[in-house]
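Encoded as structure tokens, the structure appears first; notes follow it.
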């Protein structure tokens, strides 16, 4: 008997939640971005767990795509961040709040 | 023809695992993917071309190339539509049982391709065509803007627009949640870049950052929804999910959570309240052509995915998601309209009004019927043209201030400076307000008709009342344009400001938008038929 | 905009049934508007001439229609029917009966007069073009026999009127224009939903989807409380337009701030769209519900009669006074309509015309006073009868018509309404009759303040009407006297349609009563 | 759903899970709580490793490898590069919190979401049809299985990912462009900032001294608590 | 011959039309002559019609001449048609007759007025309306005339509209009449609902339930009270004296004000079925007569006295109607038309001669300066005072006789009123034509100012010459004719024997048998006659002595009476102010509540939007919180649905 899947899934949910909290409370854009990675990892964990439970390779294949997306996102995201903070100091998201209302 | 006949195979049913070493590559229906190939290939060619051949920067060349690419991509589409419509009509004659909506059994003119990853149906063809047109207009509007703002250094703008379009197209045809998700990302990533495309626009970068972070957040939620759906149904293929759900009546909470999370992901993309917060900032911060493209393409792509997922995969869960959609619709209608009414920046107004429009489309989806789907298609199509037309004018109007001065007050007396543009803007705005004999009215009409047909009377009335509030804001802009007579009437320099002259490309875009807006309002038959045929079979 | 469509429809009609007069009534002003739009901005005379010619041509068509209309026939005549939007079963269907006939004629009359009467020098091209668009939309509204077509025109009317008020109005024109537009639009929200509900509920009964009024009226497929709710949805939209108390507050602002021509059209025609809508759609589609809810409508109507008159009596602005008087007068129309007697309903219909003529004339006169004196404050005007006797005389006649003096047109409608509603709704009729007194109070008070007494200050130098203005008034005065003395030709054409409608209501009420 | 079920599992499996979970959650909390972005990145690496461990525990060997190579090896390094490039390895929680209730509300909301998810999953998480794509515990190895799935069923998705990579490249190029001169919207931004400052000043002026004191206390508290966390 | 009836209203209509369009060009005297000719034509047509009617006998004397269908809707069918019967012909004859004389008088009286042609336009229009009123065969046609005369009355009262009092008086007359008109309109509605027709003939032949009959009768009486200046709607009539004097004579004495009486007589069969209504009418009538007479005793304005006297006499007529003595009412109407028109014209002549002085206290001894006026006026005085054998004596006597039959109390009040009438008319005659010459003492400046203000243009020499003078022949001739009629009018209906009661006999087909004649004993009649005569003589004698030299007797002119019981103030405080306040309040409600709600929605949207804007902080974290919150919300629904 292996560890029941629902524990993995609960763990993934917890990880997802921690990531979400981080995104909501942190002000450094890079850290916020890392929190997104946490969430994506939680999803990956969920996929893999389901894949095991369903005895299906599909879930693992999906993780592969998520990873690619994550990588691409990181490139673009970091590109945007660099583009912003090259022209101004600081790296908190709070510094950018001209657009509002 | 032969190809098509071959593609009329039923959905891949789960097969016994083949021996590991001897799997064969799947059959790829290239004919179905021609538009996507054209667009993506065009983008790649453009990159290569600009890197290897062109010495100096040649925006005109890129624009022409892109436009031709888009036009070429639509050619196979026309042929496919023709084929599809023939089948669709034949199916329609057989009776409703065959084209039964949401049925997991794919029959008639709708087929699947590439191992069930994409769908070949009227719905997809319609939306792909629409997206090509949107990209076409965006390129036209962007062309002049690139020169004006001196942002024309390479083909990046064109490439990014093409790639984003391809993402939305993938969403439109994607028949698998992961494909839809990839489409979503392919659509979104270029948009972040485009938002920050102006090298000397801090607002654009702020917009890009906000859009990016929130988008990543919502993508994670969406993905989590995909994961939960996968776990609950065993597949991410929409047909398979559908057939699973039709065979298993009992629904688990996890599945519903997945559905809700998917709804949130789509809701974010279409800017439905309370997932709308990015829209006003991003629309305002982004360069105007990008805002227009973003508003149109993202909405089309997201609604394409949303409709397909919810109406095919989750059609049996209708009673579960309809209330959720209704809540989003109500919130979007009210918040969008009310907040639009108190804005001072025209682009922000357009953003909030687009939220309200999203509410309308959600009303159509909420009906949960074929009519509802057709009405959303109708709406999103007409809306795209009205919106792009409006943003074309906004782009031109932003000329003297590099797109920064976009408050309503900045539009005072615009009618005197540019009566033609003002009239066009008025038409686009009134169309958005839903004045009859414009496409905007037909769009609203068909959505409300679908809602009423589904007996969602309260929602329908609420939607129309929110349109009244929204009308206020359109009229405010119109009022500003036609007001201020005599204020600076003598100032010849204002009157002859060359920065306000629309380029030829923009003029073409305006013309297209005008023709579509008016024609779909006066003779709405063809457009309505198109949308109706598109939904004959999923 | 409607050009394309109209051209499309026109070609069909020619082949089928000879001259498509009803379509022409919509198309001619629309085409003229397009021509005006294409004229160079500086050619003011050409613009005005083309505009007037277009509206006169429309008037001629309306006169032709009047002449060719078959008396004694209560059904729709000159019906044009072409498919417009196939998937929704929407047809370009126009027709005219006794109820709409004279509204068409009134439209034909009021527009040329509004173009000729008041002088507008600011951005003439757009002004004339918008007025012509408005005329086309008005025609369309009164001619439509398809719910969709009706709704389209009903809404389209708002746009030119909005621009007329916002661009050529006075004072708080922005506010007034916006209020007018949004208020009416809000009402229409209910109309659209109600209309679609009727159509789809009808289609649910295994009928093909259709927006055709005649088909729907035959078997609306709704009854009981559903019908009542739907009737209310329709009624809200029309009540805003009428306007019925308490949905009337857009009216004083819009009427007051609108340019003269706008006020004339607004009072003369746009308000009638509400009462016409109630008659044509409310009663046709939901006869039983309309009958059941008549007490509500009548209560509001009578409240409007008294309330509007009372408020008119304390106005300090001449135009606002006339505006509030409209609230009272329109109350009579609604009262007559929902009395469900031949007299009441015929009275209501003829009152629509009469109110259009006399209030239109009043607004013209007030507009001319404003053109000369640049004020509408009653306190600043005095003794005008001395300096402008012709204007005073015309004002007197129009005022007496508005008061309801027998022998002038206003009386015929009011009297028929009162006598027709006395039977079924005695006490409301009694109250409404007292409204007649109030009309005299505020109009005579205003007349006394404005025209009587010694002219003071700038009033001394005010000019009397010039020839153009007199000529504009002549047709209106002729109508005022003519329809007061000899309303028979008008009534003869109205009565059969009214009787048909009442029969329709009676059959429906009896049928459901029998159940 | 109960932790007791861990006892039913084999000891090795249970141990792996517990250790992995601790690593993962610890790392995640570290990311969220560490004040220095560099520390956060390192904690992220920890989490990614933990996840890789759990992948292995569930038979996703290939994915575990990719996880370590791509995520920990490439992505986090990229993060660190950017941190260094921008020199933003400072505490981001120093400045006064402009959104007063953000932290508690965020925690509560997310807690609710988590509770809802767990509540929904309390009966059964997995209800789907098994082995739709292919049996995991089949004859061939994990990599082959994955390859088959990706090159047959997920062929289209696979091809689509290539577009993503193209976009990443183009995006990098487009965003890396250097801009000359001041921003076109500098005036606008200055205006808005001035208006915001004026508004803030006005609000501060309008408030009573008590409120000001309270605000000061708040920020002081925030600093204190921040100091605690870092220490 | 009887078809000449159509020409009766047509003549003034033609005159009206001609003068309306060409009056200005035709000019001062000629337009007056045209109007007079038109009126004369009407009189001749009336005579021809009368002759035609005389050829018929009994019940045949009921001829309806249809002109065209006026209004028709559903079962309602109203023809524009004329009813020629003894009653209408009687009315028409004296209206056209007196009307012609007054037109003639006006030719002189209005001479020099700058709106001379317009005056005759109105006058002819009035005549047309009045004739339609009495000739109309249905209530609606009568109502056309009824309102027409009201409108003309309005025009003519405020003829000198630059005088604020004239303008106000005109409006007051119209509005007060409108109140009465409500009654008329409701009566029509009730009639139509009951019998399905508005024809007088049908109404008079229909058997009515008592309640319906009472309703119709009382509603019509409300209308009549407005037009015929009964309590409490009489208040407009004294003010109406602001109009030119011929107008007062024609409209506010002879014709229009009697329309109410005529109307009630027209529906006599209905009244017969409604005894309660008749009693009400009688009581109101006698009360009006009494109250107006008391007021008349204390008036100083020569026209005001006559105005209140008119109100009082109209009260008599109503009393007669209420008592069922319709022929007596008509008889008194005719005689009253003669003597009151005479006196008004006489008063006009005095005013004309006195250069627009109307205060009797500033006159005196005028018989020396304007003898024709004086002596004709005296005939009128004797007639109204009820001195035999002048016409007033006969007609008033009949009414009192009828009143006695109804109730001795009514009779008693009628008697007192008769006494008062004799007294105040004597007072007037004494003050104006006898005593010492007081006008010389009058303030010249004031005169001049009055004259100027009056806008009543005069020749330059007249302005300078302040001696009273006799009026031109066009003015005196009508006086003479009317004086003759006032003196001899009694001959129309002598009570001695049915054979002499020509008028009653003539009206017999309309009113049927007079109950009073049949039931009263001759002795009683003689006693009553004696008492009335005595009362009249006492009144005359007292007035003659009391006002022989005095000009101010405060005891006899209490302020309360001089101010007409403060009626205007009471109406102002009880009706006008509260309704105005109510209207203002409604307007406030309309602005603040009804429109306030509308603007409130807008404000709400604005405020709500502003509030929501603050949520859009610009901080991306808070945006993300929205997304998270939305997620929690949607998942909550899911939990609710799958768990709950």
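Order of writing sets the chain letters: A, B, C, D and E. Residues in each chain are counted from 1.
Criterion: a residue touches a chain if its C-beta (ideal position, glycine included) is under 8 Å from a C-beta of that chain, and two chains touch if they have at least 3 such contacts.
Values in this document were obtained by computation on a predicted structure and should not be read as measured data.
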{"item": "Set of chains adjacent to subunit B and to subunit E", "value": "A, C, D"}
{"item": "Topological distance between subunit C and subunit E, in contact steps", "value": "1"}
{"item": "Most contacted chain pair (by C-beta pair count)", "value": "A-D"}
{"item": "Inter-centroid spacing, subunit B versus subunit A (mean Cα positions, whole Å)", "value": "26"}
{"item": "Whole-Å separation of chain centres (CA-atom averages), subunit A against subunit C", "value": "63"}
{"item": "Approximate Å spacing (C-alpha centroids) for the pair subunit A, subunit D", "value": "4"}
{"item": "Of all residues in subunit C, the ones touching two or more other chains", "value": "none"}
{"item": "For subunit D, residues contacting two or more additional chains", "value": "98, 102, 106, 109-110, 113, 116-117, 119-121, 125-126, 128-135, 138, 145, 148, 153-154, 157, 161, 164, 167-168, 171, 175, 179, 183, 188-189"}
{"item": "Multi-partner residues of subunit E (each touching 2 or more other chains)", "value": "613, 616-622, 624-625, 628-629, 631, 635, 638-639, 642-643"}
{"item": "Touching pairs among all chains present in the structure", "value": "A-B, A-D, A-E, B-C, B-D, B-E, C-E, D-E"}
{"item": "Residue ranges of subunit E touching subunit D (in the complex, touch as defined)", "value": "617, 619, 621-622, 625, 628-629, 631-632, 635-636, 638-639, 642-643"}
{"item": "Complex contact set, residues of subunit A against subunit E", "value": "20, 23-27, 32, 93-94, 96-101"}
{"item": "In the complex with subunit D, residue positions of subunit A that touch it", "value": "1-11, 13-22, 24-28, 30-31, 33-35, 37-38, 41, 44-45, 48-58, 60-61, 63-65, 67-72, 74-76, 78-83, 85-87, 90-92, 94, 97-98"}
{"item": "Residue ranges of subunit A in contact with subunit B within the complex", "value": "9, 16, 19-20, 23, 29, 32-33, 36, 39-40, 42-43, 46-47, 49-50, 53-54, 56, 58-59, 62, 65-66, 69, 72-73, 76-77, 79-81, 83-84, 87-88, 93, 96-101"}
{"item": "Touching residues (chain side subunit C, partner subunit B) in the complex", "value": "1-2, 4-5, 8, 84-88, 122-123, 151-153, 155-156, 158-159, 162-163, 166-167, 174, 177-178, 181-182, 185-186, 188-190, 192-193, 196-197, 200, 233"}
